[in-house]
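My questions all concern the structure below.
Labels A, B, C and D are assigned to the chains in the order they are written; within every chain, residues are numbered from 1.
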Amino acid sequence: MIFASDNWAGAHPAIADSLARAAAGHAPAYGSSDLDKAVEARFNAIFEREVAVFFVGTGTAANALALAAVNRPGGISFCHRLAHMIEDECGAPEYLTGGARLCPVDGPLGRFGVEALERELDRYPPDFVHAGQPMAVSITQATEAGTVYRLDEIAAIAATCRSRGLPLHMDGARFANALVALDATPAEMTWKAGVDIVSFGGTKNGCWCAEAVVFLDPARAREFPFVRKRAAQLFSKSRFIAAQFDAYFENGLWLDLAAHANAMTRRLADIVRGAPGMRLGWEPEANELFAIMTVSRAEALRALGARFHDWNVPSGLAASVAPGESLYRFVTSFATTENELTLIKQTSYIV
Amino acid sequence: MIFASDNWAGAHPAIADSLARAAAGHAPAYGSSDLDKAVEARFNAIFEREVAVFFVGTGTAANALALAAVNRPGGISFCHRLAHMIEDECGAPEYLTGGARLCPVDGPLGRFGVEALERELDRYPPDFVHAGQPMAVSITQATEAGTVYRLDEIAAIAATCRSRGLPLHMDGARFANALVALDATPAEMTWKAGVDIVSFGGTKNGCWCAEAVVFLDPARAREFPFVRKRAAQLFSKSRFIAAQFDAYFENGLWLDLAAHANAMTRRLADIVRGAPGMRLGWEPEANELFAIMTVSRAEALRALGARFHDWNVPSGLAASVAPGESLYRFVTSFATTENELTLIKQTSYIV
Amino acid sequence: MIFASDNWAGAHPAIADSLARAAAGHAPAYGSSDLDKAVEARFNAIFEREVAVFFVGTGTAANALALAAVNRPGGISFCHRLAHMIEDECGAPEYLTGGARLCPVDGPLGRFGVEALERELDRYPPDFVHAGQPMAVSITQATEAGTVYRLDEIAAIAATCRSRGLPLHMDGARFANALVALDATPAEMTWKAGVDIVSFGGTKNGCWCAEAVVFLDPARAREFPFVRKRAAQLFSKSRFIAAQFDAYFENGLWLDLAAHANAMTRRLADIVRGAPGMRLGWEPEANELFAIMTVSRAEALRALGARFHDWNVPSGLAASVAPGESLYRFVTSFATTENELTLIKQTSYIV
Amino acid sequence: MIFASDNWAGAHPAIADSLARAAAGHAPAYGSSDLDKAVEARFNAIFEREVAVFFVGTGTAANALALAAVNRPGGISFCHRLAHMIEDECGAPEYLTGGARLCPVDGPLGRFGVEALERELDRYPPDFVHAGQPMAVSITQATEAGTVYRLDEIAAIAATCRSRGLPLHMDGARFANALVALDATPAEMTWKAGVDIVSFGGTKNGCWCAEAVVFLDPARAREFPFVRKRAAQLFSKSRFIAAQFDAYFENGLWLDLAAHANAMTRRLADIVRGAPGMRLGWEPEANELFAIMTVSRAEALRALGARFHDWNVPSGLAASVAPGESLYRFVTSFATTENELTLIKQTSYIV
């Protein structure tokens, strides 16, 4: 009953196998092997255009270096108040940009809209040197609240970015989960909607350690080889990441894994809706679910072996959480089993 | 006949197996799993004392963050002119320290002595604010020239460091090769000789991606969790590094692999000594060999499939390299085979 | 009728004279002249203890380098949401700390209390590496809202800092105005209340360019000479700052100038209270006054030559600003004349 | 007998007067005053084209921010081994560029030639990510050795820069002294020869604190307002720098002052040539003179009140410095008097 995070899972067997296969033999280092090149071609195919792909080791690296790639003096990037970049990266985006700032944008359920974004952007008039200058907008897809931006919402944000000359970055730590949720193609969810740079995550969806910065327009990536190397994110045996992505994309495995994870969350939502003393904080849209229950019930579930995280109650939800209750996050992954769901269902009746 | 670099090899089968085994099941993320803890205990055992171990993704990260851990304003670190930190890290040490400088120290065959070190240190009188201030000394073991510092040489450098209040860092990208070459223990080669921080490399010796920063005195590491996370080097599925190190240390595999690599270099040295038109630049001491031959011979060997790098002729050697000749680097690894050596031997007679 | 900012004034004649006097003759550079030393001694006398004083060129430099002096990896400094460091320094604090973050703390009228501070601090549990770690607390005195922290309020914030092991910084761009408002001594307003580092501003109170970072405990300042020089804030002809401070402190000139500026604001407050169609946003406590009036009235005043800035209406005040009205900031300085006040009074009747 | 440095002088009376005159009255802050604008126009006139001028507080700031303006990831700037940026700025260029490196170029008497520059540039092949990438070339004019690049030498270096796509920066801390020495115009010594950015120094030539970054092509300066402000180098009462430059340029004062300083050095050279036991290290070309004498003679001169600095003997000169002798630097300035020279002459006979 592990719902703590999708990064508590290990690696999918097909990915582990791919690593074992790639282990033999020699290959040029630093991303120039045949396997590296083949996986880069896979990215082109998946995005239906030539893209520039750079493997990195962590999602935090992908996010921070994506910003470093568009860095400006006094630069400010705009992202949701709950964004991983603000909440969970120990200042890596600031550090790796040499001090560029993150400006929180508010919005319900992990998403912000154009209006809120423009309100923040308007605080930084061009050439007003004291306040600094906007340099990028970032959205998380799927969001930290387990919701998903619709394609038209992305396009609207991208239009604002374009009108202000700002690149639009997508933190795709759960890119596949969003894609499956929207039943969209990678092209539709990114460049066709106006996204410029993607932090493309494989780790949370069945890889060990496979993240990439994807520039939808390769021209933007001209200096990125130096950005990555300087940040100590160029791996000598780079093909160990390539081998993971290779299996990840083979026969659509990545989408299958995300579909499974999302389905497990939907099933869990059904259980929560039906269980006594539990209810949904809001409707889940990908592979994260937020449930309200009493603290004592949560403790009892944990005593029976369930693992899930406490979560801050968003201000908009505060009124619907009674005294003694709290909010909890459940995350499903490729590795979540029916059996784990059944156990949650059963224990929710026991406790 | 791949002698380009020890990072052209893949992963040792036992390490690939360990990854496959660890792939199943869930475990807490970010280094708190049982496996992570068990491998940390292995490091304590290997170093014969409690150490603070932090896994990172690349040797460059280990080096740069080791310096970041001892950073000072206007800080200057002293390392050999040929050090990987100076020559091959695209400025990562400077970047990740926010601009601390690397001061090259000269010395023959990749090593510097106390006298040369003190000459450089003396250029920075305490409190002379214009020049900046020393903050660390770093040695590479085994060196970039394939040589190895003897224990008494390390101790002498450490004594200088101590007298100046400077920490001594060891870039141990080829730590195991040096250890085997010296027939020393990790404790002897580090803290017993006065080393404070080690970049402990596994990648070049049979791992996919397994590097660690080891603080011989854990008290120095108090802020390092933040140093690492801020630099995007904390892996969510950290146990994929732990699983590699676990197999690496099991039954002394790491020492066996290094012993093999070193033996292959010794055998290659015999071949070079005996081959017509080839000679050693200097005696190899670990798993790197530098050979002088004519450019045309090198091209012929490469045409037959051999892979090895051109190398800059050190000034001390310039007189012994004739016109038309050049210097080449050959690196052996755990994956180098007898057969590859035999082929080099045969082709050296052909070309 | 210049009320735009106290930095629109030039320099007080006594300070200009001091510069002219110091211009002759030679003196050792970089802060080692007799005059530099004499002014350092003045600081000791003023603070009634030995302090470490470092002249810098701008208030932004003083603030940012004060934070750089206490920098930590993943570090977060806490200051009021309206603090100059957040609103007006183009990211200098983040830049010069290599990416440390500023966390806004809320509170009415430019001040925050212990409760609000602790609420923010509690969001960063020790050792929770993802969120980063607190590294400093900063208050502005007098505040950006023209109010002043009382001594017991400072002491309460300092107690929180001490209990968390955090240094307390005071942005004293208007230090003298606050001092005069409180009728306190520099010692009482700083180290006796628990302040550790002060950005000591002279520029807004009659100097051309005279700012200093003052460490109340010199032991904290050991590395600061390098912090300052590395940031390009060590002036070769440093005595041109010393000469300004020398005149500034002579016979209490600095307190007289601040007293004048504060008195002018009190007089202006009387005028605003009595003028038709104008009212105070809140009671001024130092040399800044915030007035509510109609936009058309403001335009009319400006057409008659008055200079003052538009100001964002704080959320707590929103209800009391009618449609068509807005908030405006008036700043008085050592150079504000009775005549200017009279003109404001007269024009407020005309428009 | 003060020959320690040209920054031991105070300010020229005309400049002190200008400051006193500017002290009265109010003016918009942060560089937008009429005086600021007028001085910017003076720069255009002096350079015979529209330039972008940014006042900063120190020469170190000018140099470091000029590099920050052309910063690249993994960037390397090439300057003479003795350059102030390498030797005397405590790592400010590295710090304010977030870690860009300075690569020393060798050459006799403080100048390097095209051949030496290209040798260093060739070490960084395009796209070789491990070594980093060239980002700028910087020359000092007049050099730290008191010599001056001829116009054709500058043009040759500029041609190399252009062929490699690199901007050419000139550290003009002693710009006026070089100009006078060459009898050239500012246009000839900069953009007509191919210089892109100048650190324009006034401090060493009679100002208190007046430095500027001058972009010969304003298009390069688009983001520089943020570069400067973020580095805490935008002065609120910016006109105090403008007032200095205003007097500095009035009626060619700056050239007169530099001509005086250079003439004093020429006179001092005559004295050194004629004095027993002293000789020139090399011919001075601007306002710095390097003399060889016995250590005991230097001590005797100092005992009589002379101030001058010890200097490292350049390797090319080592053979001509006898045991017991050493090298000393004498700097003259606008404030050097005939009387001081006479005293040096007299004492050189006494000691």
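Basically, a contact is a pair of C-beta atoms (placed from the backbone, for glycine too) under 8 Å apart; a residue touches a chain by one contact, two chains touch by 3 or more.
Given the structure is predicted, the values throughout are model-derived calculations rather than measurements.
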Between B-C and C-D, more C-beta pairs in contact link C-D
At the largest C-alpha centroid distance from subunit B we find chain C
Subunit C and subunit D have mean C-alpha positions lying a whole-number Å distance apart equal to 34
Whole-angstrom distance, CA centroid of subunit A to CA centroid of subunit C, is 41
Taking each chain's mean CA coordinate, subunit B and subunit C are separated, in whole Å, by 50
Within subunit D, the set of residues that touch 2 or more other chains is 73-74, 89-91, 95-96, 98-99, 129-130, 132, 226, 229-230, 234
Subunit A residues touching subunit D in their complex are 30, 68, 72-74, 98-99, 127, 129-130, 132-133, 223, 225-227, 229-230, 234
Touching subunit C in the complex, subunit A uses residues 73-76, 87-91, 94-101, 129-132
Within their complex, subunit C touches subunit D through residues 2, 4-5, 7-13, 15-17, 19-20, 22-29, 56-61, 64-65, 89-92, 95-96, 98, 203-204, 208-209, 226, 229-237, 239-240, 307, 335
